[in-house]
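Below you'll find the structure I mean.
Read from first to last, the chains carry the letters A, B, C, D, E, F and G; within each, the first residue is number 1.
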Amino acid sequence: MGLSVDASIALAALAPFLAALLTPFVHSLAGRYSGWILALVPAGIFALLLGAVGPVLAGGSISAAIGWVPSYGLTLAFFVDGLSLIFALTIACIGTLIVLYSGAYLKGHPHKGRFLAFILAFMGSMLGLVLADNMLALFMFWEATSITSFLLIGFDHNRQAARRGAIQALVITNIGGMCLLVGVILAQHVSGTWLLSEMRGLEGVLVESGVYGLLLALFVGAAFTKSAQFPLHFWLPNAMEAPTPVSAFLHSATMVQAGVYLLARMTPLLGGTEAWTGILVVFGGVTLIWGALGALRETDLKQILAQTTIASLGLLVLLIGLGSKAAIAAVIAYFVAHACYKAALFMVAGAVDHEAGTREITALGGLADKMPATFIAAAFAALSMVGLPLTVGYFAKEEMYLAVVSGDWKMLLVLAVMVIGNALLAGVALVVAIKPFLGDAVPTPKTAHEAPIAMLIGPVLLGGLGIVAGILPDWLNHDVLAPGATAILGEAVETHVTLAVDLASPLIWLSALTWLLGIAVFRQAHAIRAVLRRLSAGLGWTADQVFDAAMFGLIRFSAAVTRLLHHGKLEFYLVLVFATLAVALFGPMLALGGFDWMVPTAELGDWSKRLVLPDLRPYEWGVIALAVFGLMAVLIARSRLIAILSLGIQGTALALIFLLFGAPDLAFTQLMVEVLSVVILTIVMTNLRLDARDHRPFEDWARDGTLAVVCGAGVSLLLMQILSGTLDTRLSDFFTATSVPIAHGANIVNVILVDYRGFDTLGEISVVMGAGIAILALLRRRRKAEGAAP
Amino acid sequence: MIADIVLCLGGVLLILGAIFTLLAAIGVIRLPDLYTRMHAASKAGAVGGGLVLVAVALISMDVAVSVRALIGVLFLLLTTPVAAHLLARASYLAGYRADQSTVRDDLKTRLEQNSGS
Amino acid sequence: MNTVIFRTAAPLIVATMLVFSVYVCLRGHNEPGGGFIGGLIAAASIAVFGMASGVPAVRRALKVDPLAIAGFGVLLAGFAGLASLFIHAPFMTSIWMYLHLGETVVPLSTPMFFDIGVYCVVFGTLSAVALALESDEEEDL
Amino acid sequence: MTELPQAMIETATSAADWVLVLPIVLALMGAAALLVVRRSNGVPMLGAVLVIVGIIACEISLLLRVVSEGPLSMTMGKWLPPFGISLTADLLGAAFALAAAVVTLIVVLYAEIDRDGNDSGDGFHSMVLLLLAGVTGSFLTGDLFNLYVWFEVMLIASFGLIVSGGTPLQLDGAVKYGFLNFLATTLFLLALGLTYGLLGTLNMADIIRVAPEANRAAITGIAALLLLAFGMKAAAFPLNAWLPASYHTPSAAVSALFAGLLTKVGAYALLRSQVALLPDSRDLLEPVLAVLAIATLVIAPLGAIAETQLRRAIGFFVIGGIGAILAGLSMPNVIGIAGAGIYIFHAILAMTALYMVVGLVEVRTGARDTRQMGGLYAASAPLSILFFVLILAVAGVPPFLGFWPKLLLLEAGVMDAELGWVGTAMVVALVLNAILTLIAGTRLWAHIFWRNGPEGSPGSSEPMALVPPTPKVRMAFTVVGALVLGVVLLGLWPNPMIEVGQRAAADIIDPGRYIEAVGLAGGAS
Amino acid sequence: MNSAFLVIILALGWAGITGNFSGLNLLFGGLVGGVAILILRYSIHQQGALRKTAKILSLAALFFYELMASAIKVAVVVMHPNLKSALKPAIVAVPLTVKSDAEITLLANMITLTPGTLTVDIAEDRSVLYVHALAMDNDTALIADIDNGFEARIREVFK
Amino acid sequence: MDYVLAALVGVFVSLGVYLLLSRSVIRMLIGMTVLGNGVNLLIFTSGRVMREVAPIVPAGLEVPAGPIANPLPQALILTAIVIGFSMFSFLLVLAFRAYKSLDADNTDTMRLAEPENAPQPPLSY
Amino acid sequence: MSVVAFVDLCSLVALIILGLALLLSIVRIIIGPTLSDRVLALDMMTVVAMGFIGAVAIRTGLMLYLDIAIALALLGFLATVALARYILRRGLKVDASAMEAQ
């Protein structure tokens, strides 16, 4: 092989994305055959992954790493062991069939190319997720599955229900995604590595850390949202708004299994504790029963299947929680079985819907004649789902019963839950396989006939696969279950599924019980449905409605908060600013003893020093009084124009202060600017007919006045605090010393302006120029706008 | 010696200018209406301000400064009456009537004729 | 403001102010003043001119777009700073040259050109604004 | 006077050092030159493009030099620091300046969509260059008062741009924008005055040296004032009202420019002042920063959820991003600062692109309110991709650019969580922000793109009729597409960015190299 | 008063304020003044040259005398304990004999700066000056005063 | 006298703040000017105050004969004054235009950008 | 008493008187009653300030302050013209109530 196996693993994860990018071109070139062409990508990946089977069986694992963000210690590391290989192969296999199926299902759809691109991108994300060794990469692929599934679920975008389903799925899985991210970062923080393989080498690094509880919560939270565990399961049925190929893909072996995969992956790192087992078993068990009952309540084929997916996910989580070798072997077996039959059944449902025009089982019947191949596929799949011998489903059931049959009362309780759950699912399987196809023919919206070949390959092949694998128990043991379970547990696992029936073992009797109960459920399906519907109606609300309420509540809350904070009153914004200013001025000073300088120290003599009258001359007092009076004049001015005139007083006073304290340039500029300000204000006011006074209600007046006084006092006090120290006059000393000898200017202020700090002045004149442009823009548009108006 | 006299003269003129200015300010407060106040402001103001500038011219002992001070005085004399005229005219046209004590108002008569015809 | 007195006195006032503004600008390096104040006074004179004679007359007299004068000012100041590129010194390093014209020595320096740039910016901008506001008003009446 | 202090820098300045000052001077003089020729049709736009390309060339070479040689400094007028104004570029400043110039170039090209022949002479391009000069100056200056000047240059240019359409809506927005921003710079000036009074210097490197010996109460008070002033500029809660009040009012190009540049400069100034200049104030101010960060992170996306005015909603994304930056500042370890720095870089690119895409959406749908929008997904796949990618980038979804800073910030939070409540709270807030932002983004997506018609139209209807794209729109689309492609590629290959970010953060936290570059490394002069 | 004359005046003024009467500086002053006059070129009308130096000086002397007198008079009025009795304000129409803009302006300004009078307005036809008087005892005397005082001398200067 | 000026700064700032909260755009502008003046005075005072000795080197001397007023704050204030004046001019014209277009001087009634009765966001997906 | 001391004393006295005049002139600005009165008073104040600056120039010996005084005269004129124009166009109605009182 020219290409090394190692590097090709990375290719397996990344190729679908490249293919997705090229899909629009492929589609526009190949048109209706694009499905066939694009299916080559997953098929190729499947073949590539098969190449890894040998090494994995022989040596245990393959890893590959591409440098990525070395500065952050990140490599794009991939890792193939039994677990990831089983998942990856399943994904690639079903992916191939789904692409083919979609090509036919969406024949003539204007956005078929888009759809295929999304499917491929999704598959790439999923492959990346199961192959990634770097936890951060795992998270990124995890998020990518959320995003691509969002696009897929919302594919029928003009229906609100589809949009809702997509947003719901994204929101829920994104919450999980965030949990995962934080968990991943925390785990890295604790263990010092991003790599799962390295982390597994650090015995007990997470379990024994102080943040184990938090880590567990984060990872479990992530897995539960993705794998739709009760009570976060409600997004999954709504995701059925997606076109059927999406459901077949996402809800069999991919999207929803990501959580299961994550839990399986983390078993050696987080598992084995009581908390782990307790949480997973309880939530898994509840989810199993809840989903199974939910399936019986529904009449829409896809909804039924969606509910059974929830149940199956619960079962898988429960098994992972148990964590024994048998349970883990059951996980692998059940995963494979479920992937095959669920994908097949969804494709069947899609074919029925496509050909008959409805998915309501109450409106279907007797299709077996018209759609024999579809019926056979459905029957095969249902057999595996019921768990009859010679199917993978059978072995899965045997293994899971084996895991709990010889335990304490808790295990027996779990056993009971399993049996009931399996029985309910068996009943549903029979409903799905028999109701639409057998019995009397029912007229359907479309005249049903067999689906096109591309839509048949998938279900038939997958249904058949469940049977074929079921008659090869040795292969199943050695090549599937053992490597998978070994990879999960990190220790050698041998499984012993067999076709031989041992009547002495309780397992066969439990299976028989399950089938009997399943048949009973099938026969009473109608009645059970009625009861369940009454019950759920009695409950009054569903998790789904809770989501809506939460979402709309969030929107209303957001609106309320936003209206409160951004209601458009400039005055309120300013009050906020000044209140913050007051805090900024007084907070640090109060906290850090900024007022100490005011307080007399040991001897009282300090007070007299401080109370000494300022050394000011009469005319200086006069000018300061002028400033204060000028300010008061502005304050009490009854009209704006009088305020403008009064503004001139304080400006002049300020200029005179500058003049008296040795700043002629300042005084000069201040006077000129002040007069010009009055002039411009007057010119503008000449055009404004304003005569309203500053009249505020008392509470406003009190509030504004308080704020104003506090801010003013704060500024004064902070300034005084600073004045109580000495100034470092390095800079001015330098300017004074060099102004004439080096800079050749006697007016030091001007030399600073044009030389020492000329760069400031360059900016400053740009501001002046900018003001000119801005003002002219304002005035120019006015003429234009008014000229345009009639 | 001459320099001392000039300096002393400058000092006296300075005080004089200040006093005229103060009187003008008092006038602006005491006089009954705009037009009468304007007499105080424009005359006493111009003279007061002008005297201070002349004082500067004398005390500076520098030709360039003196020339500038005198140009300043001329400028003051040029602008003060124009400003007074503009303000008085504008106020009158805007409807500011002279105090009741005014014995005669030809302008009012003219404006009334204009509006009548 | 259409009175004969104002209209007649205005040119005298304006001319004096303009000359004075140049004086204030040029001597700024050694005494109070400088480009900014000079420009301000010049622009104020343009405002007086505008009030006395009307905006169209001023525009006709100025010929150049005042805002372009402002742009020219920034360019001039910028070039005054860039000149130091030729003496391998950082931006805005001042360069002094002394022109010997007979007995008089005229000092020419980049800070001086810089200050003239400032003068142009302030003059140009404020004139443009004053004229725009003025003409705006006239439209109004 | 016995001896003259050694006054001037003795060594000759190489022409290559001018890359530090040329970007600013070119932008300023370009603005002036375009003002002179503003009435010639087409010349301003072409001139602006040329000038910005020149600036970009300078800044690339500046960045390369800073990467290889460390911070670069030039003191104006050949004066020794701290007497002259020092321009000092460290990695952060150089990288931000480059990003700013790049987005400005793209905006200038994009802006042609809503400019017509009658617009010549309005000084638009001068103002854009002026804005760029202000932004670049703010990023490159090493002097606190000079920073104030560049803030004002930026402010006046933004004033000119925000009113350049002259509609009543813009005037209303501009009044709020104008007063609050001018107030912010005035408060900055107030803090500056106090800084000078306390420390006797304005050079940043010098401040770093002398600040530790100053009175703590006063220095903390000054830091608090700077926090207030820059917090306003950066649009941090609760001082952010001006942003949603105004960013939606000007043309899309202007909104884009503002979103990319203005608040980022405020955030950059916060980074400089709170972390590098006055670290002693942190004992008291760190929790304040943290609270501000948390509030901004959580409250901002609520606005995006609540708003139906598309551009206003996007404005809240900008604010939310500021929350992320503040989060980094409140956890001053290298990772957190790097996260904040990279977030600023990301936001400069992504927020600009987002507003430009929104502008295209508005052009195509002819509406500004999301309730009147729809049908774009069916009509224009490329536009859909741009919008979707940017929403994901803003929400911090991997592998887009926005993910990386969020990752660093979360890591910083996790690291900090062991020290106190700040880290934990910050992680929670960041997570909440990500979730809420994604909710807001997907709702916008669903309403504008997925939904076939306006709010309330039947679900199965045909996509609503859209305005067909004109050649100008296509051109605009191309340039935005190029920018988004850059965002995507940077997200996929973040190594250089993260490396630079981490080194820059290390320099911020330990400013020894910065001080040395300015030339103040020795004892007190 | 032609432009060249004004430029010379401005150049001399320049030399005065800069305190440097060197040829170069005068030239520069002329340049600055020239630019100023260039800007004002449309607003300065040919108003006849002012040549009669002696007349001007006599007018100026009269003016400064009247100015001081006026200031003192106003000061006295202002400080008068009984203001009402000291005041007798009136607005009087004074017929004009001078006609040119310069003459009218000069007259009006001088009236304003001299004892007890203040120019308020000019009639549109320039025939009448409306003058506010602070203490008018006799209107004909007032009018005659103006006519014989400033108006006559202004006429002489501009003749 | 530093402290007297510092107290005066407080008066300036107080009035500026009070006027800025007045809701009338013109008054707010006046407030902005007053606040700016206060800040300028603050910078001036920060540089420590000295009576009447301008930072101008007398002709013929290389350095001033005695102590002089601190020139640096003066230069900073000059820049600040110029910038403040530019901003003031712009905001004034803006207020003028806003008044013309929105027919309002009261900021409470300037509600185009943030409408008073903004619609509730749609409760849909 | 030396001449210099005399001039110094004169300037001190002048400054005090002018300071008083400044305070007095703003009384009219504050009390009005009409806009014209206030404008007049403002004009007055400008002239007083000019005198004040002149006195400061004498007191400090820095005759350069003179230019500030001259420039103030120039701009004070501009302000008065602008305000007069305002009165001409907008009238005195800002003080309608005050006029009635008068």
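Everything below uses one rule, namely that contacts are C-beta pairs under 8 Å (C-beta built on N, C-alpha and C of every residue); 3 or more make two chains touch, one makes a residue touch a chain.
All figures in this text were calculated on a predicted structure; none of them were measured in a lab.
Asks: Hey, what chains does subunit C share as contacts with subunit E?
Replies: B
Asks: Which chains lie in contact with each of subunit C and subunit G?
Replies: Under the touch definition, subunit C and subunit G have A, B, F as mutual neighbours.
Asks: Where the centre means the average of the CA atoms, what chain is farthest from subunit C?
Replies: Computed centres place A farthest from subunit C.
Asks: If I average the C-alpha coordinates per chain and also across every protein chain shown, which chain's average lies closest to the global one?
Replies: Measuring from the global C-alpha mean, the nearest chain centre belongs to D.
Asks: Select, from A-F and C-F, the pair of chains that is joined by more C-beta pairs in contact.
Replies: A-F
Asks: Going by average Cα coordinates, which chain is farthest removed from subunit D?
Replies: Following the centroid criterion, the farthest chain would be E.
Asks: Could you put a whole-Å number on the gap between the CA centroids of subunit B and subunit F?
Replies: The answer is 33 Å.
Asks: How many angstrom between the C-alpha centroids of subunit G and subunit A?
Replies: Chain centres of subunit A and subunit G, defined by C-alpha means, are spaced 69 Å apart.
Asks: Taking the mean of the CA coordinates per chain, how far is subunit A from subunit E in Å?
Replies: 84
Asks: If you average the CA atoms of subunit D and of subunit E, how far apart do the two points sit, in angstrom?
Replies: Using C-alpha averages as centres, the distance is 61 Å.
Asks: Quick check on subunit F: which residues sit in contact with 2+ other chains?
Replies: Where subunit F meets two or more other chains at a single residue, that happens at 20, 42, 45-48, 52-54, 56, 59, 62-63, 72, 76, 78-79, 82-83, 86-87, 89-90, 93-95, 97, 107, 110-111, 113-114, 118, 121, 124-125.
Asks: Touching at least two other chains at once: which residues of subunit G meet that condition?
Replies: Residues 15, 18, 20, 22, 39, 56, 62, 64-65, 67-68, 70-71, 74-78, 81-85, 88-90 of subunit G each touch two or more of the other chains.
Asks: Do you know which subunit C residues sit against two or more other chains?
Replies: Within subunit C, the residues that touch at least two other chains are 1, 3, 5-6, 9, 13, 16, 20, 30-33, 36-37, 41, 44, 47, 67, 70-71, 73-74, 78, 81, 91-92, 94, 122, 125, 129, 133.
Asks: Once the touch criterion is applied, which pairs of chains come out as touching?
Replies: Once each pair is checked, the touching ones are A-C, A-D, A-F, A-G, B-C, B-E, B-G, C-D, C-E, C-F, C-G, D-F, F-G.
Asks: How about subunit A: which of its residues touch subunit C in the complex?
Replies: Touching subunit C: residues 664-665, 668-669, 672-673, 676, 679-680, 683-684, 686-687, 743-747, 750-751, 753-755, 758-759, 761-762, 765-766, 768-769, 771-773, 775-776, 779-780, 782-783 of subunit A.
Asks: Taking the complex as given, what residues does subunit F use to touch subunit C?
Replies: 54, 56, 59, 78, 82, 86, 89, 93
Asks: In the complex, go through subunit F and note every residue touching subunit D.
Replies: The contact residues of subunit F facing subunit D are 20, 25, 28, 32, 35-36, 39, 42-43, 45-48, 62-63, 72-73, 76, 79-80, 83-84, 86-87, 90-91, 94-95, 97-98, 101-102, 107, 110-114, 118-119, 121-122, 124-125.
Asks: Inside the complex, what are the residues of subunit C that reach subunit G?
Replies: Interface residues on subunit C, with respect to subunit G: 1, 6, 13, 16-17, 20, 24, 31-33, 37, 41, 44-45, 47-48, 51, 141.
Asks: Taking the complex as given, what residues does subunit F use to touch subunit A?
Replies: 1-24, 26-27, 29-30, 33-34, 37-38, 40-42, 44-59, 61-64, 68-72, 74-79, 81-83, 85-90, 92-97, 99-100, 105-108, 110-111, 113-116, 118, 120-121, 123-125
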